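The chains carry the letters A, B and C, assigned in the order they are written, with residues numbered from 1 in each.
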Amino acid sequence: MTEPAQQAQGAPLLQVEGVVKRFGGIRAVDGAGFEVATGSMTALIGPNGAGKTTLFNAITGFQRVDRGSVRLAGEEVLNLPAYAIARRGMVRTFQITKALEAMPVIDNMMLAAPDQPGERFRSLVFHPRAARQREREVRAQAMEVLEFFHLAEHADAYAGTLSGGQRKLLELARALMTEPRLLLLDEPMAGINPSLGRRLLEYLQRLRAEQGTTILYVEHDMEVVMNHSDLVVVMAEGRTIAVGAPQAVREDPAVIDAYLGGAA
Amino acid sequence: MKDFFDARPAAAAFGVLGLIVLALVVAEGLHDVAQASLNGLTLGTVYALGAVGLTLVYGILRLVNFAHGDFLAFGAYIAYLVNVTWGLPLAAAIVFAMAATALLGLASERLMWGPMREKGAGWLQLLLMTIGLAFVIRSAIQWFWGNEIRTLDVNVTDSVEFLGLRIGQTELMVVVVGIAVLVAVGLVVRFSLLGKRMRALSDSLSLAETAGIDTRRVILYTWLFAGALAGLAGVLSGALTNLRPELGFELLLPIFAAVILGGIGNPFGALSAGLVLGVVIELSTLVVEPRWKLTFGFLALIIALVIRPQGIFGQARTT
Amino acid sequence: MSVSALPLAVTFEAFTDVGFWSGVLVVAGIYAVVTLGLQLNVGFTGIVNFGQAGFMAVGGYSMAILVLEAGLSFWLALPIAVLVTMGFGLLIGLPSLRLRGDYFAIVTLAMAEVVRLVAQNARDLTGGNKGLYCEFEGVNQTCFDDAWRSVSDSMLGFFESFWSDPEPLLPLLIVIWVTVAIGVVALTYLQGTPWGRVLRAVREDEDATRALGKNTLLYKLQSLMISALLGALAGFFLALFLATIHPDDYEPIVTFFAFGVLILGGLANYKGVVVGAILLWTLLEGTRFVELPISEEKTAALRFAIVGAVLIGLMAFRPQGLFGKREEMVLGD
């Protein structure tokens, strides 16, 4: 994985501009754009049908778009394959948790680590010792991260045997193994109980404080958004209609209109 | 340019086809092209009849039915039983074949696919079962009728001429009956309540259920429909060529080609694609030696799948 | 000895006939080789490859054409034919592996048929429906298996020192099963590596794997190419066994039978492939034991019925086969 470019705290890590995606006759995303500062926690919100999911998928390479620009630390990544974007440090989770259920928890974790010679066929065959060495490192690191999330005792269990909340944490832990610059969470609070939700937010805040991880998340839970974001981006009908501090956005008439007014 | 084609795939496809036909007419002469097209139409009718039923089953139930070809063979051999062994006229044989194959389709749904779906079986599981069913049907055919080639009691010598083109009497019958049935099918699917429901289920099974449609019944009718059409296609194919146990598998891939080209779940697409595929395969004989016909057809399928998996008429679907 | 008081005469002679078992084990071995590749694809990578018969054909025909028409030595033709087959795998994988599962299955089936039809119709290159075996130049005769025959004869000569009438298939049998053993060991080792881990992840959930920075298309291609390699080997063995290369031996039936072996043994384990291959072929060839008052034709029909029943029965009642785990049967739905 490339060394993360030294970003000054507060400089934009992610710049999204003028993204357009049409499905047939409908413009799901119609010129949306915003910036995410390094080390910040940004929330992307909007009523149903606002195009958040499409934009989210577009940024992470899971949806090709017609037009626009997505720059990660200054590098254009629009329409790159999803794996290439992930390798550049922009890693996402999924709304419906995609824990690899028929694989043990530890395998889920070790899979995510970058720079594994053992994963490349040629390295595996010609440099087996380097592969084994890295494998040991990765395993140790994986256990550490599992400890952080209090999941270490389940390391050898199949991921499918974990509870829904634990799988959600696993997905986050797994994403962290990739050493991301920018962590994108797709509705992290969806379908989990409040106490687990609090724990999750704690972890996220710790990550931000201790490791400087930049976080962008899509969310419907307004309480979470108000209390756990530096910046809020509001979308409606495919466009960004407001960007600002949580308080300011909450009072923005355009935003109130979008939620209560015409939008679905 | 790609966007233009993406936005109007049917027009683009027909445009390309038209250009190819034009080039062939210039190269080989109108008569040869017309004659090949006519031959292709008889072949295409069989494909279209087979494809309509298969596409509905595939679209509604996500069942990749590798036994469909053997449904056609089943129909053909039932027709043999009625027409040759019992000596009844071909019309009676067709009716029997369609009824028998419809029942076969229904039975497979009640005994196999329905229960498996309830168990939550995945598409690969079902696909492998359809292969098993294909084997069972084929082995039954081989058991009762052996490997030797048989023919239906049809006229293979007389032909009719019009506009300088020649068409065998049997071929003419196939085209007339086939097209008539296809038109009827088209009308039923487009205008009847059942047809609308089948299309709704094909679009989204869960949505249709929540809309209150009795999906179980529609599924059963679809199987009867698919079975009957398959039976007819089999008889017509048998009339055109002959009966052999491999008939089923030989027709399977071209019929799948028509289904995919037409867009899975789209009966009109399957219908048109089947006819066009038949014509294209026959037209290819003007350029390459006839024995390469089938290869050409499969290559067309592969190329179509790679360029546009959703078919000419289909909508892009991720799952 | 036979029990003929019953209407079905069951002879037990065949059970003890070395020739019978050699034949069964050779064919079972060939199927084991080709199905090992299928297991890697379906059971471990989650790609449903219906083109194994096509890989066998490309391997077998390339080898024979190189020996008979390009005049290469058999031992040189073998690795080149393997590379050709792997290249073919790459060629069909590149455009089609991004398709969804069932489309990929149909494309690979169509590809295998195209290969077979080309073999049937490109008469100048492949001998068409006559197939390939030997080329005659005046009084000189070259057959593609000449080199193998001399090796086989030497091995038989060696066996004669302690076994008076060695089974002629024994050398081939040994080579095939050594290959199977190597294949099982190598593939099992690969599964335990980080590379194997990525494959399993691809099978579990391709999107999640992509989101973790893995180029899943590359892994699927590698899986397909290894499977092509194994298919080529199986094609060689079949050609040596039948002493001919003919399009009829590479029909989709072969692929379907391989799937039968695969699911009988169970997904996601390689030893199951071995057991499944031996079991299925013993069962199929065992129809010769039972002397039913029926014709040869009907016995062939019976084989179809048996495989069909096995497929249906397994899928309905025991989709995990003999050694598979129930959870493993959930396939990319």
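We adopt the following convention: contacts are C-beta pairs under 8 Å (C-beta built on N, C-alpha and C of every residue); 3 or more make two chains touch, one makes a residue touch a chain.
Bear in mind that the values here come from a model prediction, so they are computed numbers and not experimental data.
Because contacts link the chains only in sequence, without closing, their graph is best described as a line.
Here A-C and B-C are compared, and the pair linked by more C-beta contacts is B-C. Chain centres computed from CA atoms place A at the largest separation from subunit B. With centres set at the average Cα position, the gap from subunit A to subunit B is 47 Å.
Mean C-alpha position of subunit A lies 44 Å from that of subunit C. Centre-to-centre spacing of subunit B and subunit C amounts to 31 Å, using the average Cα coordinate of each chain. Of all residues in subunit C, those touching 2 or more other chains are 330, listed in ascending order. Taken together, the subunit A residues at the contact with subunit C in this complex read 1, 60-62, 81-84, 86-87, 91-94, 98-103, 107, 110-112, 114, 116, 118-121, 124, 131, 135, 158, 160, 174-175, 178.
Within the complex formed with subunit A, the residues of subunit C that make contact are 190, 193-195, 197-198, 200-201, 204-205, 207-216, 222, 327-328, 330. Contact residues of subunit B toward subunit C in the complex are 64, 112, 115-116, 121-129, 131-136, 138-140, 142-143, 146-147, 249, 253, 256-257, 260, 289, 291-292, 294-295, 298-299, 301-302, 305-306, 309, 318-319.
The touching residues of subunit C, counted against subunit B in their complex, run 42, 48, 95-96, 99-103, 105-107, 109-111, 113-114, 117-118, 120-121, 252, 256, 259, 263, 297-298, 300-305, 307-313, 315-316, 319, 329-333.
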